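Working notes, structure below.
When the chains are written out, they are named A, B and C in that same order, and each has its own residue count from 1.
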Amino acid sequence: MIALLARDLRLAMRAGGGFGLGLAFFLIVVVLVPFGVGPQGALLARIAPGILWLGALLACLLSLDRILALDWEDGSLDLLATSPLPMEGIVSVKALAHWLTTGLPLVLAAPVLGILLNLPAPGFGWLVASLALGTPALSVIGTFGAALTVGLKRGGLLLSLLVLPLYMPTLIFGAEVARRGAEGLAPGTPLALLAGITCGTIALLPFASAAVLRVNLR
Amino acid sequence: MVLSVCDLSVARGGIPVLERVGLTLLPGEALVLRGPNGIGKTTMLRTVAGLQPPLAGRVEAAPESLVYAGHADGIKATLTVEENLRFWAQVFGTNDISLALAAFGLDPLAARPAGALSAGQKRRLGLARLLVTGRAIWLLDEPTVSLDADAVAMFAGVVRAHLAGGGAALIATHIDLRIPEARIFDLAPYRAAPLAADDFDGAFL
Amino acid sequence: MNLNALWTYANPKKFIETTDRVLPVCAWLAALTLAVGLVWGFFFTPDDFRQGATVKIIYLHVPAALMAINAWLMMLVTSLIWIVRRHHVSALAARAAAPVGMVMTLIALVTGAIWGQPMWGTWWAWDPRLTSFLILFLFYLGYIALWEAIENDDTAADLTAILCLVGSVFALLSRYAVNFWSQGLHQGASLSVRPGERMDMVFKLPLYVSMAGFVLLFVALVLVRTRTEIRARRMRALVARERMRA
């Protein structure tokens, strides 16, 4: 499993691995927002938590189809499925690798982009906390979507259609934590609910992803 | 007994293609599956490998003894030959990849990115993976595609050494591999008859 | 009664034979109940003292909303049956129910908007109930899209069944997340038993009749669509068999 994780990370770093693509997309989305809504600081400060969460979510979505599709195309997935690794472990490692290469950089970049959007000072800590807690769920849910659409020729659009509704609870609670944090309210309740969703998806969804992948491989 | 297949029926795309296939494979034996295109050689191998469930019958083998090699080699173009092999060695819990590199003449290519290999070299890398898995039963689907005559001989030598070491192989191929130990197993007699229309779910299959 | 005998209806042939008899009855009953319920509701109930005649859209809105949710529940049950017992008719019934459920959701949303305009002065508000239905609509959309995208029938049945299970959990989560996210305008459930909010019998009886009508309509539509799916599937199987023989 560690070998698989190391390989996935190495592949992401090498040329053509698409590492950093999500980060660049996040940056561009956030930079485009003030062009759309105008440069007023007060307005930007109000919508900043939501925009940052939405940008992170879309950046995450962008790289989902790479989680499994590349391994599917070159036959690695067949070989992994017949290897001693359990399928649940394979999808969990895939999700973890996706989080490390996409989610984690987004978490780290978010405060910098928060400055661009005039995020109020108390919001920074909560923004990072909510993203750090929420993005693993995005990766795990995204792996489920990738497993559903792995055999399809043009699964990218369908993947978004399937995954976005599943992202809704995470987005609602995550953005709520960041918003309350920015407005100086107590963000404890949504933070607990967000953590609950993340733990729940990490614990249960790999079984669904593995089942779906087995169906797609046969 | 290493591998035993009893009354196995397999389906491709929901349609039964082979039924009541029975075969046994003993240590040191190789079996070459023969049959026209579309008879279900690949489906059969994938079922034996556990990638798809059989319609009926069962496959018995010692746990963790099978390794499957399909049409695609599972090679990552941006990793070097050595990294590719080492990954599979780690997945299967073995360490030594030097034997595998030597057996398929990959030593001079070890540091080259796999994407820069020719089709035949890639295939050799894919086959070298079998050696690093340390598994006893090889399930090979058209292993010699895009190999030249020398490489085929190299492959035959590796298979013979594997058999001599107590291993076994189930190979779907059209060409003569020149492995004298290998028995031929013709799948044509096992072609599935269409299901009766009044079968319980037969209306669909 | 032997419950196992129920499973014989999962045989496609038996299902078609049985529904040959059931479907006309069901369809006519649906037409009759709907006609009675809607005509009664629209023309023979007094106007509400506050809402005037606009209240009468309730006879479309509430039954549609009811079926929008129950259709998903039915898909959940049939998906479970497919996963556990692998009866093809069950999977096809889930596939057949999805577009009907989606249209019901759409009807609930549209009639709600038409009702909301005079009542709240807006076509749409990000109210928890409204938002939940919008989310439900998106789930239907994804589910149907996945069915359409996969060629192999059994694979599609398996994947959509699992999507339905996972989707149900997330739909429920979204429902509560949305509640948390916004306090709404929408009144409580129209048929709640809490005193004070209760509807008058004059309004309630025709509503029950329309609800029964919508249930029957749903059953009839799902039966028709399941029969179509069974025949389409059968046709694909026959074509595939011919191709194999050739």
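To be clear about the criterion, contacts are C-beta pairs under 8 Å (C-beta built on N, C-alpha and C of every residue); 3 or more make two chains touch, one makes a residue touch a chain.
The structure displayed is predicted, hence computed values, not measured ones.
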{"item": "Pair exhibiting more inter-chain C-beta contacts, A-C or B-C", "value": "A-C"}
{"item": "Relative to subunit A, chain with the most remote C-alpha centre", "value": "B"}
{"item": "CA centroid of subunit A to CA centroid of subunit B, Å", "value": "37"}
{"item": "Euclidean distance of C-alpha centroids - subunit A vs subunit C, Å", "value": "32"}
{"item": "Centre distance in Å when subunit B and subunit C are each reduced to the mean of their C-alpha atoms", "value": "48"}
{"item": "Sites on subunit B at which at least two other chains make contact", "value": "none"}
{"item": "Residues of subunit A engaged with two or more neighbouring chains", "value": "218"}
{"item": "Residues of subunit B defined as touching subunit C within the complex", "value": "13-15, 17, 194, 198, 200-201, 203-205"}
{"item": "Subunit A contact footprint on subunit B (complex, rising order)", "value": "46, 49-53, 64, 66-76, 78-79, 83, 87-88, 90-93, 129, 133"}
{"item": "Touch list for subunit A against partner subunit B, complex", "value": "2-4, 7, 10-11, 14-17, 71, 73-85, 217-218"}
{"item": "Subunit A-touching residues of subunit C, taken from the complex the two chains share", "value": "135, 138-139, 141-142, 145-146, 149-150, 155, 158-159, 162-163, 165-167, 170-171, 173-174, 176-178, 180-181"}
{"item": "Complex contacts: residues of subunit C adjacent to subunit B", "value": "11-13, 87-88, 152-154, 230, 233-234, 237, 240-241, 244-245"}
